[in-house]
Every structure is written in C-alpha cells, then in structure tokens.
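Two complexes follow with chain A in common, the first pairing it with chain B and the second with chain C.
For the complex of A and B:
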C-alpha cells in the first residue's frame, strides 16, 4: 500500500515536480559547460554551477511547491475522506523534496568529479542547496495556502528571489542574514556561513509548520465562495 | 445510519448559511429540497465533515462531528459525491477509483481492485474502464463520482445535486441507481429538482434561507397543495393570480396548473396536486411549519 499511494501522489504532484529541478540544473550545467569550452575560465563556470545549486534549483522547487498546494481539482472530495488532506499534500511535497535531493546530489557529485568546488565540500555541501530550497519552498507553500493564488504566490516568490539577488549587500548584514538565500555564491563558505544555513533551515521549518496549521483548517481551503 | 441535527448554525463572515437547523434522518432515502442558496450544500458539507459548524450539534451514527475522532469515524463509513466533483483528467476510472480507495483506507490491493471492478460494472462503465477521464461526458463523470462514493461499502451516502446538467435519460438512470442503493444505507439526496425527490424519496425536508421549512413524508408535502391547486383551460392570457406551475398548449387551448389560495378564475377546477405543487404551496405560504 505504501508504495502504491506514493506512486499515486507522485503522479498527482505532476510532471513538474519530477522534471523542474533536473531541468533547471541541466540548463545551468549546459551554460557552465559552454562558458568553460569558450575559454572564459574555470572560475566563472564554477560560480555559475554554484549559483545553479544555490539559487536556480531552489527557485524551481518553490514554484513547484506552490503549484502543489494551490492546484487540486478534487479538494472537496479529499476533505471528505478519512485520510487527512494535509497528509496528502505532505506526500506530494515529499515527492518534490526527494526528487530535488536526488538531482542536487547527482549534480554536486558530478561537478566535484569534474573538478569544480561547490561549497565547503563533504556533507556540508548539502546545505548549499537544502537550506535555501527548504526556506523558499516553505515560504511559497505558506503564501499559496493562505492566498490560494498561484499568480500572487509566484509573483511574491520571484520578488523575494530577485530582491535578494539585487540587494545582496543588504541581506548580508547581520539583521537580515538568516534570510539570505545566496550566502555561498555571494559571500562564500567562510565565517557566518553555517549560521546563515542554520537560520534558513530553522526559518524553513517554522514556515512549514505555519503552512501545516493553515492547511489543517478545511475552511481555509474551501469556503462558500468556492461553491 | 441515524442522523441528529440540533440548532445547527453556520456563518461565512456576515452571511448566515444555516440558521438554527433541526433535523432527524433515520434511514433509507431522504431528499433535501431547496432553492439555490438555501444552504443545502453547506449542510451536506458539514455532514460530510468537510466544513465545521459555527455552532449546534450534529451526531451521525452516534459520532459527534464536532470532534476530530467523530468526524473520522463518520468519514470511514461515508460515501460523498460533492456538487462539483472535479476529476483528474489524466487518470482512467480504474486508476481514479484505486487512488480514492487507498485514501479511504482500502489497503488490501486485491480486495480494492475487486471492488473497483464491481463498482465500474454497477455504474455501467466497465467498457470504458481504461479510457482517460478527460473524454467523459457529464453523465459518465457523475457515474464515476457515485462509484467513488460507494468505495468501501459506506452506510451513509451523501449526494449533492447529482442530476444537475444531466440529460433526461441519464437523470432517470442516475435516480434509479440511487434508489437501488438505498436499501441498507442512508442516502441523503440534496437537490433543487423536485421531480428527483418525488421519484426516489419517502422522507424529505425543505430548506429556505438556511432554515427548515418542512420535514416529513413526501406525501405530506404534496398535501400542502390540497385545495389550492387548480387547472384552467384558456386560449387567452395566462392567469395572473397565484403561481403557474405548468402550461401545456393543446388544441382546445392552454392547460394551466396554478397554485393559488382561491380560484384564479371562475372556470378554474380543483385538481389533485403533485409534489412540485406541494413544494410551491409551501414556499408561497412562507410560514415555517413546526419541525418533526
């Protein structure tokens, strides 16, 4: 039963859940390869590969996460079933998390084998992508659960992502550092890196808990206006 | 399955959808009638555990719906067909029912598959069991909906406006199917189509503006129009007094059936009322009857 329900939920999460993260990473890798082959330098290619892992992959994950929360054609039926709808959405997000983790691990391992250094190395490299991906995806899920609008949520996620890219120097300051998604690619993995990653992970977990609280209330998902 | 509803209220912001509903449903097929916006869907959703009540008490089969445990206990014995059942267009009926079966806790694969096959037979969809749902007509989608509701052999079946949008043949077929299911179950049929209740239910309730106007035998509702239903045959203009329930043009003129407290014209003759006329008489009187 366990595997069957997960296979069903993988299908319900949609092809984007399985394809978006690898597609984003493949595109980044292809551009990095092109840069390397065009003679622009190993360092530039490495920076781009790192940005792919820390910035591009989390953005694609967040976009898929918001779609999973917002899009459900059988919402009312789900709410009438003994299986909590929150558990169903959780499984779908779990599928997204697993597919993202697999892609990022393969990508990071491939880059390391090709001689590129993406982050501090070893197990800590996990935090290069896992921390921003968790934070941004959880933020997207929460806004999606509250607003139930894909357009509004994707706009807000894109705005946050872009703002952190443009005003990176502002987000590096101690007050905003726990919210800074691109510390590794903009500052490096030196002092402050671990605290930033832990801050993002903790923030992501809080946002996930808030999302669960919102999704636990059916009237948040289904109101008289829906009918 | 016995359902007891006492002083049930549900508000959406400033809008009161249900305003002190008291209702008892014992078993068999029960029709819930009312105009659009009367509060039927809200009541169905509360009974299905989809929405919580603002206040009041709902006990279904001894389970209090205000508690999480009570809600889950009811949902384990419930089949629910919502008014708007969006299906997954990329799935076949077999895959859709398999998925819903899993969510209903039917863990045994062989038993689940067997039940899915039986239900597709029952609703007459075995021939298209391998076709994607995206190509299904409204009637076929409704039949998939009733099949999913019957998964797990529920003792309570709640169907909300199941015949809306169906062609007459499909509607009759659907009504017959629902009647055949009512034997050992409690079937709650919410509709604004009086004919659906007339053809399937012995017990009914009428909801208007979130309140119960009537509850009792279908025959008692029909009797509300006794002595106030008239037929007039005229080639002239339609009667202006009362509510014209039907108008059929024939060679001798147009036959009007009218619900009116007094004869709408001197040549009006009293006739036996139908359930529809009983419903019209009730709505027109606008005086809530004592519940019970």
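For the complex of A and C:
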C-alpha cells in the first residue's frame, strides 16, 4: 500500500517533470564530452561536469519543485479527502528528491570512473550537489507556495541562480557565503567549503519548514494565477 | 491579416495584465539597478553622450529581464493543451498559423512593455542629473535595437520549445543557455557569448556606445569565429536581423507542423 501511493504520486508529479534533472545532467555530460573530444582540455571538461553537478542539477530540481507545488489540477477535490495536502506534496517532492539523488550519484560515479574529480571525494562529494539542491528547491517550493505563480517563482529562482553566477565575488564574502550555491566550482573544496555546505543545508531545512507551514493551509493555494 | 491582429491584440491584453509579469520584471530590473556596480550606467560621468547612457541602461536590463519573459511565455501553448481548450480554438474560423503568429506578436508586445517602461523610467531618472532631453529619444532607439530583438528571439523559443521539451526542462535549459550563451566569457568555456547570435544585444549596444569599446564581449575571439565580426554599425544591424530571424525559426517550424496537422485531420472533422 505504501509503495503504491508513492508510485501514484510519482505519476501525479508527471514523467515530464521527473525527467528534467536527468535530461539536464545528460546534456551537461554530452557537452563536457564534446569539449574533451574537441581538444579543449581535460580541465575544462572537468569544470563543466562539476558545474553540472553543483549548478545545473539544483536548478532543474528547483524548477520541478515549483511546478509540483503550483500545478495541481484537482486541488479542490484533494482538499475534500482525509489525506493532508501537505503529505501529498511532500511525497511528490520526496519522489523528486529520490530520483535526483539517484541521477546525481550515477553521474558522479560515472565522472569518477572516467577520471574526473568532482569535489573533495568520498561521501563528502554528496554535499557538492545535495546542499545547493536542497536550498534552491526549498526556496522554489516556498516562493511557489506563497505566490502560487509559476512565472514569478521561476523568475526568482532564475534570478538567484544567475545573480550568484554573475556576482560570484560578492557572494564569496563571509556575510553572504552561507547562501553561495557554487562554492565548489568557483572557489574549490578548501577552507570554508564545509561551513558553506552546512550553511546551505541548514538554510534549506529552514526554508522547507517554512514551506510546510504555508502548505499546511492549502486553501490558500486555490487562487493560483497560472491555472 | 485582420484575424492575426485580432489574436495578437487579445494575446497582448491578456499577457500584459498578468501581475506576475510586472512583479518579476520589477524584481529582476530592480536587482540589476542595485547590483550594477562601477561599470553600470549610474557611474557614467555627467556629460556622457545620451546614446551611451541609454545603451548602457538597455544592456544592463537585458542581462536579467528577458528571463521573466521566457518564464511567462514558456507555458503559453502548453497551457492550451493542459486546459483542453485547443479543440475549441481549432473550431474557430481563424487558422492555426494566424493563431500562432498572433500569440507570438501579442506575447512579444506584452513582454516589450515592461522593457520599454524600464528604459523610459531610467531616462526620466537620469534627466535631472544630465539635463539632456535626448535621453528619451535614445531610450526608444536602445529599446528598438537592443531590447526588442532579444525579446523576439526569446519569445519564439519560449512558445515552441516547451511543447516538446516540457516546461520545467525548458526553464532549466533557458536559464543555463542565458548564462552560457550571453555572459560566460569565451575564454572560460567555448560558448556563443560575443557572437552576433547573442540576444542580450551585445553588438547593438556596442554600436550605440560608439566609444570603440565593446559593451560586453562582442567580437571577442572564440568558438565559431565567422559569427564574431568586428563590432560596427553593419555588424550591429546584422546581429539584430539574425537574432530576430532565429526567433522566427521555431515559430515557422511550429506553424508548418500546425498547418500540416490541420490538413491531415480536416476530413475527420468534416
């Protein structure tokens, strides 16, 4: 029964949504392979593969997360059921998290086998993608739950992502460092890396808790702009 | 033609009334104003020519604001399918090509509205400091050659690509492309940055600056050297034409597909 409901929620989240993270990672890997084969250098290909894990994967998870929160065509019907709306959305986000984790682990293992170094190595490599993915996805889910607008939420996610890429030097400063998503690819995994990852994880958990609090009153979601 | 304009007018009114378009545009534009730094237009000395001031503003707004337009239009055609109004629209006397073209023109016009408003507001706020009424005129020119072509390209891809990529995947690829194809230095990774294909309006802004310096990376050596002519008036015009034509490629493909699908299903409907 438990597995059945998880599979059902995976279908409700939609294959198109759940395929976005692996498709984005595959595309990144293909471009990195092209760069390597075109003779642009092992280091450039490695840099791109790392950017795929630390930047592209979190962005795709965030875009899917906001879609899951905003898009529910049977919300009124769902509110009449005894199952909490929060539990349903939580399961769908859980499915997204599990599928993304599997994709990122396969991607990182493949890169490691091919001789690329993505992060500090060992179990800590998990934090290269898990910390920014949790933070950005939780931020997307919170904004989506508050605004009920896919346009606004995706624009804000894009703003955060691009602003941190363009003004990376500003986000490396100690005051903003706990919010910097791309520490590994821009600074490296030396001093400050662990603190940055812990800061992102903690921030992500706080944002998730705030999302849960907003979703606890699902009747607020009935007036989304994009439906 | 009347049908095309009618669809475009309706689409424009519908999109322009979306609060999320305006809120997203204000947030993205506002962020750029705050974070513009020393190279931004506010740091230009008094006495800088009006065309240079407005070119810098137009380029600054082009860095992030088109993201909001892409996000807005990404689910436009997909939504018709999801809400199952497509069969209803097909029953109308307007053909699929006119419907698609009208949605494109209306979408471009609606997305152009916040872009134009941002430039006019920037020009008005610069007036007390620079005392040059030509700022308003150059704001319109900068909008026409820097902002609008980029919107036309973004709109073409944002309307069509999500129909076969899915909306979330398109949004991911769009944001990634925007950074890779417009702002990532060609020396860092092979990219389209600095080519005539950059919808951020690099070539047009460089021509407007007229100071011999590139606005961002226009003409910088890199991947596909034949797409990187030296910045000039001619290369700026070429860039504008190429960017607009690029936006029309997916629209043309979608229009052909829609026309063919209609012809194939017509006997069954009859």
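Definition applied: the second predicted complex is superposed on the first by the 220 of 227 C-alpha atoms of A that agree within 3 Å, B and C clash if a C-alpha of one lies under 4 Å from a C-alpha of the other, contacts with A are read in each partner's own complex, and residues count from 1 in each chain.
Methods note: a contact is a pair of C-beta atoms (placed from the backbone, for glycine too) under 8 Å apart; a residue touches a chain by one contact, two chains touch by 3 or more.
Quantities reported herein were computed from a predicted structural model and do not represent experimental measurements.
Enquirer: Will chain C clash with chain B on chain A after the two structures are superposed, or do they fit?
Expert: Once both complexes are aligned on chain A, chain B and chain C fit side by side.
Enquirer: In the superposed arrangement, does A:88 touch chain B (first), chain C (second), both or neither?
Expert: first
Enquirer: Please name the chain, chain B or chain C, that touches the greater number of residues in chain A.
Expert: C
Enquirer: Could you look at A:101 and tell me whether it touches chain B, chain C, both or neither (first, second, both, neither)?
Expert: The answer is neither, since A:101 touches no partner chain.
Enquirer: Which partner does A:5 reach: the first (chain B), the second (chain C), both, or neither?
Expert: Only chain B is touched by A:5; chain C is not.
Enquirer: Mind working out whether A:222 is in touch with chain B, chain C, both or neither, as first, second, both or neither?
Expert: first
Enquirer: Going by the contact rule set out at the top, does A:126 touch chain B (first), chain C (second), both, or neither?
Expert: Touch status of A:126: no partner.
Enquirer: Taking the superposition as given, does A:19 touch the first partner, chain B, the second, chain C, both, or neither?
Expert: second
Enquirer: Is A:79 touching the first partner chain B, the second partner chain C, both, or neither of them?
Expert: first
Enquirer: Which partner chains sit in contact with A:146 here, chain B, chain C, both or neither? Use first/second/both/neither.
Expert: A:146: touches no partner chain.
Enquirer: In the superposed model, how near does chain B get to chain C, counting Cα atoms only, in Å?
Expert: Superposition on chain A places chain B and chain C at a least C-alpha distance of 8 Å.
Enquirer: Overlap of the chain B and chain C footprints on chain A, residue-wise?
Expert: Correct list for chain A: 73, 225.
Enquirer: Note which residues of chain A are touching chain C in the complex, please.
Expert: Those residues of chain A that touch chain C are 16-17, 19-20, 23-24, 27, 35, 38, 40, 44, 47-48, 56, 59-60, 63-64, 67, 73, 147, 149-152, 154-159, 161-163, 165-167, 170, 225-226.
Enquirer: Could you pull out which chain C residues touch chain A in their complex?
Expert: 18-21, 23-24, 27-28, 31, 35, 63-64, 67-68, 71-72, 74-75, 79, 82, 166-169, 171-176, 178-179, 183, 189-190
Enquirer: Within their complex, state which residues of chain A touch chain B.
Expert: So the residues of chain A touching chain B come out as 1, 4-5, 8, 11-12, 73-83, 88, 218-219, 222-225, 227.
Enquirer: Going by the contact rule at the top, pick out the chain B residues touching chain A in the complex.
Expert: Touching chain A: residues 12, 15, 17, 41-42, 45, 48-52, 72, 75-76, 78, 80, 82-88, 90-91, 98-100, 102-105, 107, 109, 148 of chain B.
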